[in-house]
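Letters A, B, C and D name the chains as they come in the text, with residue numbers starting at 1 for each one.
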Amino acid sequence: MEPQAEKLPRPHVPTLDEILGESFPVLDDGFVRVVDYMGDDAAVVQAARVSYGAGTKKVSDDRGLIRYLLRHRHTTPFEMCSLKLHIRVPMDAWRQWIRHRTASVNETSTRYSVAIDAAQRTAPDQWRIQAVNNKQGSDGAIDEDLGTKLTAEEADLQDRIRTVYNGRLEQGVAREQARKDLPLCTYTEAYWKMDLHNLLHFLSLRMDSHAQKEIRDYATVIGREIVARWVPAVWEAFEDYRFGATHFSRLETDVLAAMGAGDMDHAMAMAREIGWLKESKKGGWLRHRERQEFEEKLQALNMRAPWQD
Amino acid sequence: MEPQAEKLPRPHVPTLDEILGESFPVLDDGFVRVVDYMGDDAAVVQAARVSYGAGTKKVSDDRGLIRYLLRHRHTTPFEMCSLKLHIRVPMDAWRQWIRHRTASVNETSTRYSVAIDAAQRTAPDQWRIQAVNNKQGSDGAIDEDLGTKLTAEEADLQDRIRTVYNGRLEQGVAREQARKDLPLCTYTEAYWKMDLHNLLHFLSLRMDSHAQKEIRDYATVIGREIVARWVPAVWEAFEDYRFGATHFSRLETDVLAAMGAGDMDHAMAMAREIGWLKESKKGGWLRHRERQEFEEKLQALNMRAPWQD
Amino acid sequence: MEPQAEKLPRPHVPTLDEILGESFPVLDDGFVRVVDYMGDDAAVVQAARVSYGAGTKKVSDDRGLIRYLLRHRHTTPFEMCSLKLHIRVPMDAWRQWIRHRTASVNETSTRYSVAIDAAQRTAPDQWRIQAVNNKQGSDGAIDEDLGTKLTAEEADLQDRIRTVYNGRLEQGVAREQARKDLPLCTYTEAYWKMDLHNLLHFLSLRMDSHAQKEIRDYATVIGREIVARWVPAVWEAFEDYRFGATHFSRLETDVLAAMGAGDMDHAMAMAREIGWLKESKKGGWLRHRERQEFEEKLQALNMRAPWQD
Amino acid sequence: MEPQAEKLPRPHVPTLDEILGESFPVLDDGFVRVVDYMGDDAAVVQAARVSYGAGTKKVSDDRGLIRYLLRHRHTTPFEMCSLKLHIRVPMDAWRQWIRHRTASVNETSTRYSVAIDAAQRTAPDQWRIQAVNNKQGSDGAIDEDLGTKLTAEEADLQDRIRTVYNGRLEQGVAREQARKDLPLCTYTEAYWKMDLHNLLHFLSLRMDSHAQKEIRDYATVIGREIVARWVPAVWEAFEDYRFGATHFSRLETDVLAAMGAGDMDHAMAMAREIGWLKESKKGGWLRHRERQEFEEKLQALNMRAPWQD
């Protein structure tokens, strides 16, 4: 069968082509590099226009349409773009990474091959203190004297583990079993491919301040160095709508509307009804996580709830 | 191998068990019924606690934890619950429904069987007017005299189509081909199974006022009649955080913060820099979609932007 | 951060670039055209080598490795390639198409836009007879005199339906509702993107002789005209291993092994034990679907089971 | 809205209910236990019948229909059942497990909580030798004297690692960082939920003799102890069609058919054309992986290719 002629140039992005295959270093021995990609800002617009047809004419330009799509969570057009990376990453960061199920992945096998002879080493000034008010986080750096000791201890431990691993291989133990005591921070490599919609979701979670520093370093490089070059209009909209955005629940919206109307009594009454305002025996209000989060959002907006006065 | 004893009762929800298998009617000839389910509010909590372990002790109770999870978009625990429905729905609503790819589906085949002998009929007072400012929506009801004519015309057309379909089958045409001119609103039936996380996403889109009325009717029954009975704490949190919530982008948050600080000049300057405030030749500001959406959100909060004065 | 230099050329496939954007006609008014793609035969090999590392050196060449991967169902390397098509297809074929959930899709909306003014028309010699022994299939062509009548009747019906649709729009009925009586075979358009692994699965089901002719026509064009040009080594392996392959169950394998050993008594005994050989009252064996399928496979191999003698 | 009455009992499986919540031990300190499930053999049949309707009446019974579905890869009805497990597993086996992307997962977080104080220990008779002809496998047991040494060395190493981990925590290092040198075989726990179709795929890969012993032990318990109790008809069909099945490619089928017809010259000619028969300088044929796999399959069927004579 002969196709009918209406030839189309293949979409490509010169600013991304420039860095194709180049490694962005991350951590002490990791990297991220772009292997291939599909689509660009215009591919998102093209897909949106087939769905929404004439209805999109009112949106004056492509940038405006992309912002509209992202703001209103019309996500399917962003799936039309894909990015394929080659990464080198410690296995404990990879454990978090691989939880994103919409990716295509091929990882180096330590059954087929000897494990990469590198584990992530922590420098004396990089040991982090356990956060107290955030059970899953860290908070500030360990004293450097202690850090120096921890680093030396780690180097010694990793060397010892590697010696055991190599010894097992020499004595004929199967690779798939010999590896079992390697440290979680042993480096691995993978090809990783994801569409832009799911990539933005990955970045919104992994560039977030609650993400662990190691994976956040990777996500930040992917976002700022790669996606920003690849689809600049999408990236700009993403930064506006996903980062630094503020969300109020229905209850919060109702309280805020009463405050906006100047009806502080009504605002107080609603807060009381929701259960936010229970008096503590010592005076003041009992701690309430939702109320506290609301107060923090108000503070960022230079506002105060009536019960704070 | 013999399992070790720590027997567990299977989770079940008496309020949902009561309606298992019963049909909730939707539209003129459709229905939704629960066939089976897995999990309950407690299953969400159980899954969250294995992930976050001791860290969740601070959250005083299950309801509080569920609200926390939903507010902070910790979505995986909600996947631990699943719902399986039997539905009867016009194919044009089903076309929208099936776009949700995370479902498991078995639909009646009109290749194997004769098509269901029912198409959705529109009553005289149910014809809707094309919305002007919303290209994809409808707005108010058609005049009932005209509606009566349209309904009669539809009945006549659907009868004619069915006659042609039946005629083809009698003359030996293959079912898979005979069906090709059946109307899009022909009823079909399906078993449809989805986990709770994806179901909430489905409901947030399909119960929304922008969804087409037909699928909105189904989604509303699923949400209000079924999910509310099944996982009441999840449903309450969902209604608070997904419906009636207000979102401000980073730019909007910045303008709002300046307004909160009483610095209207700064708020104006930022709005100008973003491109929101371009003067029209006739006086006033040129239309700008993002500014207009911001103003609408402010209005709902009984606030006004400085440029509106 | 500055990337380290190891520049990489972006993979491209000249034989596919040649037909980029050109339409392959399908049915009376449909088409398929390639909009974009990612990867090539070498991308599959590259991904496999990172996973299997040094272990793959034994496989002498890329073609051999691709064949090995496909034969042993190592599927992830095939996900590294993606294809993006623009298609025009009747909605009833699209209904089957959209069931493949791993695709990214943007379809023309008949809520936003007036429906495409074309429904698939069946030529007099294209009406198919309902198959008797295959409830879901068709078998041979309807007599052409009858076909001529059916075609005329269809044209008349489709015109009538279109008139009603247009009338509704003129009278102000919302597009989303006016469309409800359009025929299932109304044409629609979509962008459709899928990775190569899932595309091969789609093709193995939809190019199969059990697939409905309409979607089979599309799948055949995608496979033979597009995928064959894009990833020729993958396509060759796919045709070998997925089409024309023969599968024997464990039970069938056991019976076959007894036949291979010349021990027909044992083969008979096993078949009897499985329940394949129950004597009918009229003599001969009672129908048994699994036995019959086994006999058909043997016949294709020019072999006979002992009970057939 | 009041539902219409046609009450339905909730499907349940007494043989599975009996072991709900009980732990099946795996490896030295792991387990698998069923937390919940949805559906049974009948749910598969129910879903198939809605799809294939009257067409399935010919299949006399449920067991026959299930076998038919599995044989012909009609996979969607199997998605109607789901299984939810609680597992305790070494992280290196979990790394393989988590690659199955269709699961819902909640895993213990070693950011929130202190890591489980257990790593898998290898007994002196359990150390496996690296396979020579299978780069990714193991083959036989290490000499027990050496095994005893390896086991002692491992115990010592794991104790040392744990001491370092505990020391870091005591000195205030964040849990998310302190864990980085824990061994890959540290135990973790998770809730893991999957539908039956994808579970069968998981089992076909992980019960296979090529799977690593550790995950194979888990898969075998899940298959033989749990799925066999839960959906016995599905399990029987699965064992028949997926395990011990034999597959011939199109090329192999063609050669086999020539052999079946007794036309050995034609079989030889085809094999030659495919490239299977290249003479080595020392006499005999050059190694060819595809030919060799064909010969192995023939051998299992007590057959020989003509070139083997």
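We adopt the following convention: a contact is a pair of C-beta atoms (placed from the backbone, for glycine too) under 8 Å apart; a residue touches a chain by one contact, two chains touch by 3 or more.
Quick caveat, the model's predicted, so the values are computed rather than measured.
> Interface overlap for chain A and chain C, more than half of numbers shared or less than half: same or different?
Mostly the same residues form this interface, as more than half of the numbers used are common to both chains.
> Repeat of C-D among A-C, B-D or A-B, where over half of the residue-numbered contact pairs coincide, is which pair?
Checked against C-D: the matching pair is A-B.
> Calculate how many whole Å lie between the centre of chain A and the centre of chain C, each centre taken as the average of the chain's C-alpha atoms.
Between these chains, centre-to-centre, one finds 37 Å.
> Find the geometric centre of each of chain A and chain D from their Cα atoms only, then give the gap between the two centres in Å, rounded to an integer.
31
> Show the residues in chain B shared as contacts by 2 or more other chains, in ascending order.
Residues 52, 54-55, 105, 109, 112, 135-136 of chain B touch two or more partner chains.
> What does chain D use to touch chain C in their complex?
Going through chain D, the ones touching chain C are 52, 54-55, 59, 64, 67-68, 71, 135-136, 239-241, 243-254, 256-258, 260-262, 289-290, 293, 300-303.
> What residues on chain C touch chain B, complex-wise?
90-92, 95, 98-99, 101-102, 105, 109, 111-112, 119-120, 122, 127-131, 135-139, 142, 146, 150, 153-154, 157-158, 160-161, 164, 167-169, 171-177, 179-186, 212
> Show me the residue ranges of chain D that touch chain B in the complex, using the header's touch definition.
1, 3-12, 17, 19-25, 31, 33, 35-39, 43, 46-48, 50-56, 76-77, 79-80, 82, 84, 104-109, 112-113, 189-191, 193, 195, 221, 225
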